[in-house]
């Protein structure tokens, strides 16, 4: 996630540099064509460009809105993961009868839950797993292509064993199961956001319209100032492209990019909270990053 | 579902080719009429076209937004089906007491649940049932016009039998029933999206306005360049038609088309997850398709 | 509900014929006034009309969106009624212990639930009750101004009796009650949509602005072509009126009109599903209607 | 709530008469300034006014949408109150074992619940309490600055006593408590809508922009027709003010105005339903009001 | 939170004074450049400015809408905190069996819950803790970097002790836990809104476009009136900046600014309600503030 005070304009310009270059070349070509003898007196009124511009503005505004909603949903789901992780441990504190082993049980769940968060974040980002998850999985002695699902199944098996050991009332078992259900749902929602591509024909359409606008715009401008004509022909489509790119950046919030949901930071926060609740040593707070974003 | 990297422009152009052809013929006719002696000095100011264009852009932007929401809801419902399928098996693992038959029970539910997903997808797409569902239904010895509903009723009867066998606590029975309720709801939501036609008068209105725009636009353009007049008269309505078509593609996400919700792929993923959880052999991952989309 | 393939344009034109007629008369009057000697050189620039047109387009687009949401909510509520009706019977199948009377109990609930759907649909449409509900109420021997509420109370009393007879676990009673609560909520939501008038000042405002636009538009058009001036003055407001009418059609989805939620068809589907689940004879599927819509 | 068939235009015009008067005076002043020698040849192109008009239209359309959502949420909350009131009594019918006192218990809850609705409506409207609530509170012998909260606490205490008397299963106690929780939530939502002022800087901004538009608009109009210039300068801002006022009317739905949520009517309906369910005499249906709205 | 009747225009103008100053300087510079010999005959048609203005208006309208939703969600979450605080105490009144210590238990929870509200508000505003929370934490003898989370854990431990003391039915324990879960969720939602920065590239884009508009606008205006050109070049971007600033004010509702969610006032209301329910002395209502806002 980008931090507030650092400058990300360079990062952003870097992202759209190829688009800008394509627009520059294309605009110069169309601009020269417009000054060519044959097309010289051809005029497409600027109000036609304005009409396409309005339509495109509307579609881009809606598309940006939809991308924002995906980005926000991703953040809401990880907010729910924070809540449900705390709730799971708090419910165990409340429901497991006091006794010698209670601390050990809570500790085991707290560590597994923190590992689950890291494993989910790594799986969504498709990065190679961290030492934390790899060590945990190695100790477990079994692996799966979907590690978070495996860890939730271990939670369920552990809860079944605990229920048998303490003859836990079925109500409490069900209440703990509800929290596991919520974690399953959060995991599935992340997978949905990760795996669902924004409707392709919708994106193609918007991209295509930007090029249409780029083509007809020069024919509506005054032919006396070649440089202004070229400058305007480059600027307007660049703005549209930049907005489209902003929307694309937001719509995929689990791509290991600076605009991501800060899953690593959230997982570290969850780990610190759970360790405190389980009376375990709290890991050091990660130092402020040197880059202009946090993950 | 369309894949990211393959080109679907040809597919898309194919979809709107008849509309484009109608627009071309209509535009040429209106354009010729405008050059006809009688109508030659008739002018409808282009700002009137712009006003209709703005109104149409707004309606189309909202309509695209509503179609996108239907498409997204369909995807959310199938995401919930993934979650609830995993939850059902995980709850059985947690709630059925350890014993000889436990594995067999879980296996039975896992297979029935995977079949339910396939049956639901086939029912929504109105394709002839696959071997998987046909074989299952044949072994069952009874059939229904609504097979997913039949399978859910079998789940319920099986849960009743299990509850009697293990004297399962009522809390746990109710918790398992909650998951069946969620699956019932997901099924009903899919049926709703499938069976509800987008308000007809709304669609007719938008389509009608595109033709109005197509009719008055040529009378606002400069009469000196017949070709440009025709080109613009074809291009503007084509853009509107293309956007309308994009909206129509999105609003019906269970139509066995490339823009569908990828129900077959999701069902296969669910099957693989459930088989792993039930310790059954995991089916081979389906190979990457040769076409540019997945179902 | 309008069907996809039948033409409803005539139906729609019929709906707005009086508005169109009023617009025609008003436009001709204003147009003649504009050609009258006194007002002849009076000009209100067309950009003022465009500004009002943009504002009106925006308000209409939002209003159409809000009407669409009401229409969609009505459909969602009836989708939930389908789900909860199936759930109620499935829960009884799962929770009532096997025995002689079990089938009779389920049958009784299935018939009462199907009747509830018909009674709710008839109450919302304010049509005279069908034979199905009248017969049921007659056998019941008591009536109410709110029949669906009466039937839900009978459900509750019947559940209380069943609970006593089978000493049903309180968890199961509560779970069955949850389904009754959902049906109560669905009924209340339908009543809310039925009884809540769209904010009056909002509608009056939009209607008033269409007439303002109609009044000033002719003064911005070129005075040379009386017929074109009249034609444009009629066409633009007619489009706005048609969109407003479309919104009004959608916002009241329980009015016994072709654009209704298809409550009769949904009730018949529910009845067929419930009869199959209760092992009762399934009523014949209603034949395809001759009209271009289904109710 | 305004009724459909009565005319409320007079009421509405009455509401904005002071705004209109201010606009008229201001517009005449600015119009005269524009004709004054010094400013006579000063021109601000009308496209600048159009740009501000578009921005203002968009903000007003969104603001109207947000006000509509508040108004609709208020209606949804009162719809939920209708449902939960019926549910509370139905659950008591289902859960209290048959016996001598059962009818008396249900009666007590039904009356208290109906009183709660009236007390909530009166509290939200900040009107002096009706005889119904005053009598009830007097009999109770204790009062609170938040009477609905007091009545809910009485519900809870009464449920605790009932539970002790009948040794009610904890599941049923919890299910009844769930309904109390929902009523608490509905009450809190009403308080939130009542007490939350629409963001002040947002409203000030929109109002300020209307005056900016009013100031620059005359300088873009043709100076030849003083009367038309004045008329247009008055009409455009009046339309914007009228829309803003419509939004303000909708955003505060508990203000004892004709555009209110019809809380008194809904409370009367709830009372009639609950009395019927409790077998108490049903109060007479309130007669159709003589005014053009219902409360 | 700003109060309705006080004037906050001065406060608001103060907020944007630096932006306005930057715009004035920049506009004068560009305006002088436009009158400079070299650029004098350079013209960028005003319709290009209008196109950018429309795009910018749309993006700002959506952004304002999204900020409004964040602001409203913050208010909804605190509304839920009001409800759940009341519910927690009401449930204890209903579920704890009558006896000597009952009043003391309820009192303890009521005070801890009121303290939790103050601690959450202070943590979100990052102000130094008030005497109320500091005293409570001191008596507790333990502290945490996340005090609200610590207090919720104390609630859970206290509920576990109560359950053991009164042998509370598991159903009731679970129901009380549900309320703790809701409070945990509310806390997490507040943290999410507080810690999530509005997408940076989105904000940069909008800000950048305002400067683009400011640069090209003077080249489209008539060059005869230098002062009008400057005035318009200052006014239009100032309006856009003011709207952007309004959106920024709304999107961060926990920043200890006048536009905040009134968390202190709500916490005081909650405290008064809980003290009344626990039969404790009710703190004096805070006096009307002298400033034009409440916190």
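Letters A, B, C, D and E mark the chains as written, and numbering starts fresh at 1 in each.
Just so we're on the same page, a residue touches a chain if its C-beta (ideal position, glycine included) is under 8 Å from a C-beta of that chain, and two chains touch if they have at least 3 such contacts.
Since the model is a prediction, treat every value here as computed from it, not as a measurement.
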item: For chain D paired with chain E, centre-to-centre distance based on mean C-alpha positions, whole Å; value: 23
item: CA centroid of chain B to CA centroid of chain D, Å; value: 38
item: Shared interface positions of chain D, touching two or more other chains; value: 47, 50, 54, 58, 61, 65, 170-171, 174
item: Overall pattern in which the protein chains touch one another (line/ring/star/complete/other); value: ring
item: Cyclic ordering of chains (reference chain B, direction chain C); value: B, C, D, E, A
item: Chain A-facing residues of chain E, complex; value: 42-45, 47-48, 50-52, 54-55, 58-59, 61-62, 65-66, 144, 146, 149, 152-153, 156-157, 159-160, 170-171, 173-174, 177-178, 180-181, 184-185, 187-189, 191-192, 196-197, 199-202, 204-205, 209, 212, 216
item: Residue ranges of chain E touching chain D (in the complex, touch as defined); value: 1-4, 8-9, 12, 46-47, 49-50, 53-54, 57-58, 60-61, 64-65, 68, 71, 75-76, 79-80, 82-83, 86-87, 90-91, 93-95, 169-172, 174-175, 221-222, 225, 228, 232, 235-236, 239-240, 242-243, 246, 249-250, 259, 273, 276-277
